[in-house]
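Structures incoming, each one as structure tokens.
One chain, chain A, links the two complexes that follow: it is found with chain B in the first and with chain C in the second.
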Partner chain A sequence: MKADLRGAVVPLGLLLLAEAGMRLNQVQSDALARPSEVGLALWQALLDGSLWLSSGQTLGAALAGLGLGGGLGLLLGLWFGLSRAAAQASSLSVELLRPVPSVALIPLSMLVFGFGFRMEIAVVAFTCFWPMLLLSQAAIRQVEPRLLEVARMLGFNPWDRVAKIVLPAALPRIFVAFRLSVGIALVVGVTVEIAANPQGLGYALMSAQQSLRPDLMFALLLWLGLLGWALSAGLLVLQQRWFRHSLPDAAGDRP
Partner chain B sequence: MATSSAASARLALVPDVGTDERAPARAPAVIAFDNVALDFGARRVINRLSFDMHPGEVVCVIGPSGCGKTTLLRLLTGLIKPSAGQVRHHGDPVTGPARDVAIVFQDYAKALLPWRTVAGNVSLALEAAGVPKAERAERIHTLLGKVGLAQHAEKFPGQLSGGMQQRLQIARCLAQEPAVLLMDEPFGALDAMTRQTLQDEMLQLVAASGTTVLFITHDLEEAIYLGDAVLALRANPGEQSSLAQTFPVHLPRPRNQLSTREEPEFLRLRREAFDYIKETH
Partner chain C sequence: MNPKLLMRGLDAATSLLVTLGLLGLWWLATRQEWVSAIFLPGPQATWGALREGLLQGELLRLTLGTVERMAYGWALASAIGIALGALIGISPALRAWLQPMLELIRPLPASAVVPVAIALIGLSPAMVLIVIAFGAVWPVLLATVHGFASIEPRLHEVSRVLRLSPLAFIFKIGLPNALPDALAGMRISLTVSLILAIVGEMLASQEGLGQAILLAARSFRSAELFAGVALLGLIGFVSNALLSWAEHRVLRWKQP
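Right after this comes the complex of A and B.
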């Protein structure tokens, strides 16, 4: 993963252009801020600890929701992947529940849990449940049939067949599903904080907006972008390290 | 290894005759196809197929695509059941995969576990056979030595050439210590030089272990070069037997890529079998 510096030319150029343009035109705005002001606001938020606190809150809630919902989705996905009967019995329920937009559950979740992290975690969990369920089910289904034949020829019992062949064969794809779900969890977590939970990065964004601090708002947006990028890049590194041999096609899947 | 004249005596009886005429005095067959028929829906893929394989024999199967060559292997593993007749393994009807029957698939890249090392892939067969962990390392080492992969034990399949991957699959099958080795066009995807090397290595390995081999191929010369007998199947048998013709191969062993292929007998068989293939295509 060699960083290509040419990719940085365009954003840096645009930032310089914005800075110069806004200085020359003496822009005074409640919605815009000069890149230098944004950088300064980011620096201050990092120094006074407020950014770390809200990042911790957002990440904590997002990962807790992912762990709960994604974990449950993974277990059910494995079950449905292995048992056609279970998959068929549940397919209608899945088809009916899955299209419910996760954000639409905020009111219900608020009724049940009130304001706070439990409500946010519940909504994130609901969201992450579906991709993990469907993608891990698909991962099991996509295990190379030849390998299953090898397992049968070798006379493995069902338990060993799953433990030695099916799960390791599906694991790379399950990890890809996890990587996707991390991104989703972060997005939904921030959304819930903007809409309902008065904590975390989403709420920080809201209060920056309401206190007419566009510099801080952009700083938070920038920070969210960096956070998402770092998570995704980190997971991609792990994916390439762990599944290098099983996912030859993952080589083209780079940020 | 059975002598080739004995092989011919057995196999000459087989085509198009009922089961009751089989030679009675032979050593028990490892594999016996007894008037086997198989339908896929309304289509009869295999009809009235009878042949025996005796210990140490190498029997090659040729035929046009769609004649049920691979289906033959599946019948032998019990993964599909014959619509009529019986497939017997050591005298007992085949009901499912047996530990002493191993398959070498053509698509070695799909048949190997990409997340396990070369040694780990061989270990899989030993784990399946319940070999204690303490004994595995040494047996893996011996097996990899036999197929010339001892230096590559810690590599992953994806890091090996096609020929080496197929050697690895063969090593994994040998780890099962099979009485019968089924090979489904195992060298079809390899380049000509690698294929010849692997043909000779395979013959040495099975001769040393006394393994009985059923070898499916679409390469006529390969079939003659490897086999004690070549069975020619026909597609869409209709009322006829699937076994169109049996060519006993009287070529001395060990075989040699140059001299064997220059023998008059080899050339005669090649012409005969080629004429047959031409007629049926």
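Right after this comes the complex of A and C.
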């Protein structure tokens, strides 16, 4: 408990210092805002509903992209994890396609879909595809081989083997992959909005800057930080509650 | 012939065949016009744009611009990350004071600081560089802190017995111990650097592939767009391969 308090001192102290310094020097700026003004702007944006709307757009696109790309990645990851031949045959293609930076696809997606949800979903889906593919493949590889022997002894057909042995055994690690991908999806979604797509939190952030509202800009940044933190903390709590026994060393806690 | 070697050759051949098959599918898709050529140029058109751009020197210049930006930002982020990480990591007290704040800032999308940087610095090459460095510093910083925090406690005792100064401790015991963590962090920040270099070029209109592909998309020059995307993929691939080769060499003493 003591460590928690010490961790809060520095950020709060910095905020107080900024507030006091700007009040004393009568700062009027298009780029900076007093922390109290930032807090007020955040409160107003929460009240008038604009923040909820843009958060909904960002989260909706990020989660839809994760569902599409992550789902495909999971399916392929299952296949590659079960069949070494398939993994080997696809390895060169994966190695060639994976390093394509996600943001490089923004112009392409814009060209194909125009602005809106679909272009953002496409970019997020491409990005989330790879970590889900590779991590779920690794998750299946780490399934205890003796479990597979048991399945063979019991004469399971391939479908039962996957549904009753492989998936339950790999689930904790797949959940870790999902948790990491949620963070990636949010980051990529916001990036797409900042770079091109006129909707959601990223665009709100850009337009707050362009309309010289530093208070709103910092409020949105703060909100984005809180959102990202709450998502990852919430998923971490779920992971510890559901899979505490199967992930004793908190594997994959650090991306 | 060695059967193991034969197996490996066979594996590589299948892998290559699958890739060629995908390329063939791409060719077929454009040839049969399943997808309009405005959106999806064929492999030959992309190759043509790539060749022409590289031969004329235009694409080469843009590529070098992006690589330079990425490399400078990454180097800056690595230097700051390792130095700060060493300072924070060496002292448990400092860790307790600062680490919660660092953990709070980390999940923030790095691109979200772009508007702030534009407001504070303006649309300049320096702004892009600072955004790259800011975004890419976290993986290195946190990994280095972790590397320092996980130093074997007996090594602390050894350094006390040898009366090492804090600086000597950092260079002789701390950094070599934190190196594997720091290198892993640097690998992540390399990817982040490339992404932020592209975003920065798009937003601040700095010369580079990021801006070039955006302009190509706006004027429906899809072959050039694909050539740019392919080059960006190549940059990602080559830089990652170089770093993992360097990582392997530097960490050779760690392997049994």
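Things to note:
Convention: the second predicted complex is superposed on the first by the 228 of 255 C-alpha atoms of A that agree within 3 Å, B and C clash if a C-alpha of one lies under 4 Å from a C-alpha of the other, contacts with A are read in each partner's own complex, and residues count from 1 in each chain.
Quick note on the criterion: a residue touches a chain if its C-beta (ideal position, glycine included) is under 8 Å from a C-beta of that chain, and two chains touch if they have at least 3 such contacts.
All of these numbers come straight from a predicted model, not from anything done at the bench.
In the superposed pair of complexes, A:D160 makes contact with chain B only, with no contact to chain C.
When the two complexes are overlaid on their common chain A, residue A:G228 makes contact with chain C while staying clear of chain B.
When both complexes are overlaid on chain A, the residue A:R152 reaches chain B alone and has no touch with chain C.
By the touch criterion stated above, A:P168 is placed in contact with chain B alone, chain C being left untouched. Using the contact criterion defined above for the overlaid structures, shared-chain residue A:E144 touches chain B, although it does not reach chain C. The partner of chain A that touches more of its residues, comparing chain B with chain C, is C. In the superposition on chain A, contact of A:L40 is made with neither chain B nor chain C. In the superposition on chain A, A:A8 contacts chain C only, with no contact to chain B. Look at A:S246: by the touch rule set out above, it reaches chain B but stays clear of chain C. For the contact definition in use here, the chain B contact set and the chain C contact set of chain A share no residue.
Residues 11-12, 14-19, 22, 38-39, 96-101, 104-105, 107-116, 118-120, 142-143, 146, 188, 191, 194-195, 198-199, 202-203, 209-210, 213-214, 216-218, 220, 222, 225-226, 228-229, 232-234, 236-237, 240 of chain C are the ones that touch chain A when the two sit in their complex.
Those residues of chain A whose C-beta lies close enough to touch chain C in the complex are 3-4, 6-11, 30-32, 85, 88-93, 95-97, 99-108, 110-112, 183, 186-187, 190-191, 194-196, 202, 205-206, 208-209, 214, 217-218, 221, 224-225, 228-229, 232, 254-255. Looking at the complex, you find that chain B touches chain A at residues 77, 79, 97-99, 101-103, 105, 107, 110-111, 113-116, 124-125, 127-129, 156-159, 176. Taken in their complex, chain A has these residues touching chain B: 144, 146-147, 149-150, 152-156, 160, 164-165, 168-169, 171, 243, 245-246, 248.
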